[in-house]
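Below are structures written as structure tokens.
There are two complexes below, and they share chain A, which is joined by chain B in the first and by chain C in the second.
What follows is the complex of A and B.
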């Protein structure tokens, strides 16, 4: 295999996340506290205002998957009693904690607090219940009501704000021994909004032909800073402003994204993808798409850490309310009809030729509606759909031949329709 | 005559079909895939070509030539297999005696005319019936005799006998003027092993498209295709023009596919073709939900131990295949009439009957089409692609 190729934005992203991992690893020695939290509905601006280090277990798990270390951790968790069909992120993370092993290159520090932002995924509760048992760390709970009726109501917003004010902030004050400083929070929110503006321009760039980005595989790298520990920092603003310029330059030159196997050639198919990628086969999966000339122009996975392309911004003038709106509005917290409407809009707005669902074996929360989503998008948007199945970080569930067979069949079916 | 070749390199069997310029089938070839994909392709292709040559003869020479061809081809392959088996047994005189007697019992295969059963399946089935008595009489363990035969079969498949239709035509005295040469104008390949076919990249097509096209060619107007092959099951939806709109395939696990039936037959000690008649004789099919191939043996033994009748258990296993397929069809968007059922499993009458029963229970007024060429459906689709591409040039 040739060495992995990356664009400048991917290289800088890796350096930023690496630097953060190192900072987090030093936190205890430097007297800073570590808070574990989840990507969807994370309150990173609030955490930064208390000078604590956020660590995201899903990110640790997916990085373990990309490093091919996840299978060992999963076996470790299964030995400890977790069933085969439990979410593989959970097992990877729990197994890593049980093995006392290192994370992606650096020691992942133990948590001082588990901030459970229960946004969209019910498994989050059981996940932190397991980690609380292993680490003997307290849990601060932020319960985010699911948008079952397809909208955020004032009541829902007030409920989340009250929890941030009455539960989460006091828990952070107890943890750090500091008073909550709303001005610091406002400053981080202001920086978040700036990064979000630039980031949204990157997302929207995929409307161009050829698309200068891959909005699924490539976007996985770009979302790193804004989905995790760096949103709300000046560093992230600079990162996304440079990324916007880099992508713009590529678009003006008529260039496509850079894949791990080199710059992508002709873009024969524009696709919308639902579901997270398979991390243990990430490069293989991307190659299957890019070799066939398939570029992803929009994906739902790149919205699990915030739906910025529908206009949401963190707002320094409504600090707690905008944090609540952020949590309530993440893709994972949308009802199935909302997800369907969003995907349908992506297919139309980004002029996609087809829709692909990558269904995750160990994720019940999202798997449930996916066959329906696929059929309805086919019916409403008039583009064919493709159903791929594997997993997040359990490599046992990825079958190269099977995925390739389905993807090829799908792309050839699109070709046939064009010819007809 | 210009002909268009389609090869479907499946996980279990490899099929080849030659079409004429109007899309009519000129010749069919079928062989076991095993490990050597190129060989499987060559054998299926050669069989299809030979079959087409005889098909193009005028009656009555045509049927006479076909019979003569099958006899000659089977006879030649049996002779090769016999020689190999004896060679493998040459350190054991008793085993050699048993092998010789076994091949005396197998000699009747040379007169079989059923081209839809591969040579290997025909030999394995006949041997399963005859070997025990032969081995006992010769005083050798049954397993040793079957093991020698099995090894010879594997070697035989890796070294295909050259099929020479002209030699057979000479033998039966068909004048040269009545023989129509077949010219393969274009070819296309599909199936599980399509990337290993000795074809150019532009000649390779996905299974989904080929099965969709094959089904709407055999039965114009087909809206849903159910294909159950050796290791996978496909549910394909077509629009009114016959274009694929969506599809679902089984994931990794091959439960409820053709191999499952093969395993069930083995477990019960009967031939694969005997399964359907057994199932159709059932009065009260057992309720079986598991279609796991690996657990099939345990399931059967458990049922028989509970006192259930053999035919009822077998009928229940057939129904379980259909229930699993219905689940896949549901995920693929349901069943739209007319449905075409294809793949090797569609040749099993008990599965077809169970499918009709279950469809009438779960869906209203679904017409079910099953072609006698159902196993060649993917190969026909591939050949149609070759034909269309040529016509478009």
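What follows is the complex of A and C.
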């Protein structure tokens, strides 16, 4: 295999996340506290206002998957009694903790607090039950009501705000021995909104032909800072403003995204993708798409950490309310009809030729109802759909031949439709 | 075997079996034809007192079981999920749920949560209510849940056309409390004399409550308790076991009978947990919705679908095993159920530390081949009896 190629945004993203991982690894020695929390509905601005170090177990798990360490951790968790059929992120993370907690290249520090932001996934509760048992760390709980009826109500917002105010903030005050400083929070929220503006422009750039980005495979690199520890920092603002310029330059030059195997050639198919990727076969999967000339112009996975392209911004004038709205609005917290409407909009706005569901065995939050979603998108948006199945970080469930065959047939169907 | 309610054991069991066999839910259609209203409730827990208070039939939807040949339900779900939503949607497609005036789906897990969306996409005109149960055990959790109960009450009143008074709610809570009390007494009798209350038979009688009006189910349970107390049944040389993990999708009756044939007497279980849920009666003095909200937040069992902030669930299982004098624990779980399966390591560890043997089993509501279960349960029962003899 040729060495992995990356665009400038990807290189800088890696360096930023690496630096953060190193800072987190030093946290203990430098007297800073470590808080584990989840990507969807994360309260990173609040954590930054207390100078604590956020660590995201899903990110640790997916990084383990990308560097092919996850299978070993999963076996470790299964040896400790975990079943084969549960979310592999949980098993990877638990297995890593049991194996001595060595993270991707760096030691992942143990948590001083588990901030259970229960946005969009019931398994999160079980995950932190397991980690609380292993680490004996206190838990701050944030239950985020589900948007089953397709809207955020005052009642839901009030509940989330009350929990942030009465449980999460006091837990952080106890942890750090500091008083909550609303002005610091406002400042981080202001920086978040700036980064979100620039980030949204990057997302929207995929409307161009050819698309200068891959909004699924390439986007997982770009979302790193804004989904995790760096949203709310000046560093993230600068990152996204430069990324916007870089993407704009590529678009003006009529260039597509850079894939791990080099710049993408002709874009024959514009696709919308639903569901998380398979991390253990990430490069392989991307290559299957790019070799066939398929570029992803919009994806739902890149919205799990926030739906900025539909207009949401963190708001320094409504600090706790806007944190609540952020948590309530993440993609996996949306009802299935809302998700369908969003995908339909993506197909239309980004002039997609087809819709792909990448369904991962692990994830019920994403997965339950995906076959119906596919059928309805085909019916309503009038584009063909393709259903691929594998897993997040358990390589046993990725079959190259199976995915290739399905993808090829799907792309042929698009071709035939064009000819007809 | 005549009881004071002039019903025999055979009659009770025959009625329960007929309801169990009513896979296509004709009972609900008949109720509807008679002018009644029906509100379906999905597992694990919905405060069905609110439905009963409105004079509607709370139908506890436990899936299709082994009698239902799921054909269309599979088309809406990917492969790696439990069976329950498939059979529920299949029933919907077949028209077996046409009698429902409303479906209430609680936030048991992401499978059921997403089922509300599947339902809305398939049947936009059929009302569905998502009940987001509180994961908190404090005043904020109570306040949030209390608001939801008020919304649920308003929706039930809307679809049934009923005006529900405080007295109606109190009466319904009273009936539900009676059911809890009777189930508690049956549970105690089973612990004292497992042969008097065989698990498979008890399950059928409890499950009848999924389709019967609560008042009628209470009468059935009263009769059944009386019969169990007064009917001599031979003691068996069996191993006493506790069954956990079956709070949502139900194993088929053949699964329970296989356990019995393999030499296991189930002395405690969490089958159909939602029909009782609380170990104690719900308060009858407080304002009813307040009482239901406080009861849920403060008195709920440590079910796998509730967040266990205090980390009490493993110790609670050990306590339950000791209280029921179980020699071993069967950790049963529906296949692909994250809620039940993710608990296993902690439960196994707690049982091991307490010196309580356990075995892990998986099932689906439509399982038909119990060879592996017989093998596992039989070996486990033999080992438990052997240890007992050696002790």
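Basically, the second predicted complex is superposed on the first by the 419 of 420 C-alpha atoms of A that agree within 3 Å, B and C clash if a C-alpha of one lies under 4 Å from a C-alpha of the other, contacts with A are read in each partner's own complex, and residues count from 1 in each chain.
Heads up, the rule we're going with is that contacts are C-beta pairs under 8 Å (C-beta built on N, C-alpha and C of every residue); 3 or more make two chains touch, one makes a residue touch a chain.
None of the values given here were measured: they were computed from a predicted structure.
Colleague: Quick one: classify A:129 as touching chain B (first), chain C (second), both or neither.
Modeller: second
Colleague: A:384 in the overlay: touching chain B, chain C, both, or neither? Say first, second, both or neither.
Modeller: Once the two structures are laid over each other on A, A:384 reaches chain B alone.
Colleague: Pick one for A:139: touches chain B only (first), chain C only (second), both, or neither.
Modeller: So A:139 only meets chain C here.
Colleague: Touching A:417, do we find chain B (first), chain C (second), both, or neither?
Modeller: first
Colleague: Output check: A:408 vs chain B and chain C. Expected answer is one of first, second, both, neither. What do you get?
Modeller: After superposition on chain A, A:408 lies in contact with chain B alone.
Colleague: In the superposed arrangement, which partner chain does A:354 touch: chain B (first), chain C (second), both, or neither?
Modeller: Neither partner.
Colleague: Look at A:371 in the shared chain and tell me whether it touches chain B only, chain C only, both, or neither; answer first, second, both or neither.
Modeller: After superposing on A, A:371 lies in contact with both chain B and chain C.
Colleague: On chain A, which partner touches more residues: chain B or chain C?
Modeller: Touched residues of chain A are more numerous for C.
Colleague: Tell me which partner A:9 touches in the superposition: chain B (first), chain C (second), both or neither.
Modeller: Neither chain B nor chain C is touched by A:9.
Colleague: By the touch definition above, which chain A residues appear in both interfaces, chain B in one complex and chain C in the other?
Modeller: 371, 389
Colleague: Considering only the defined contacts, which chain C positions touch chain A in the complex?
Modeller: Residues in contact with chain A: 75-81, 85, 107-111, 113-118, 120-122, 130, 132, 134-136, 138, 140-141, 143-144, 147, 304-305, 307-309, 311, 313, 333, 335-336, 338-339, 341-346, 348-349, 362.
Colleague: Enumerate the contact residues on chain A facing chain C in the complex.
Modeller: Those residues of chain A that touch chain C are 77, 80-83, 85-87, 90, 94, 116, 118, 121-123, 125-127, 129-130, 132-133, 139, 141, 143, 145-146, 148-149, 155, 159, 162-163, 166-167, 335-337, 339-340, 359, 361, 364-365, 367-372, 376, 389.
Colleague: Can you list the chain A residues touching chain B in their complex?
Modeller: Going through chain A, the ones touching chain B are 371, 374-375, 378, 384-385, 387, 389, 397, 399, 401-402, 405-406, 408-410, 412-413, 416-417, 420.
Colleague: What does chain B use to touch chain A in their complex?
Modeller: 192, 205-209, 241, 243-249, 251-252, 331, 333
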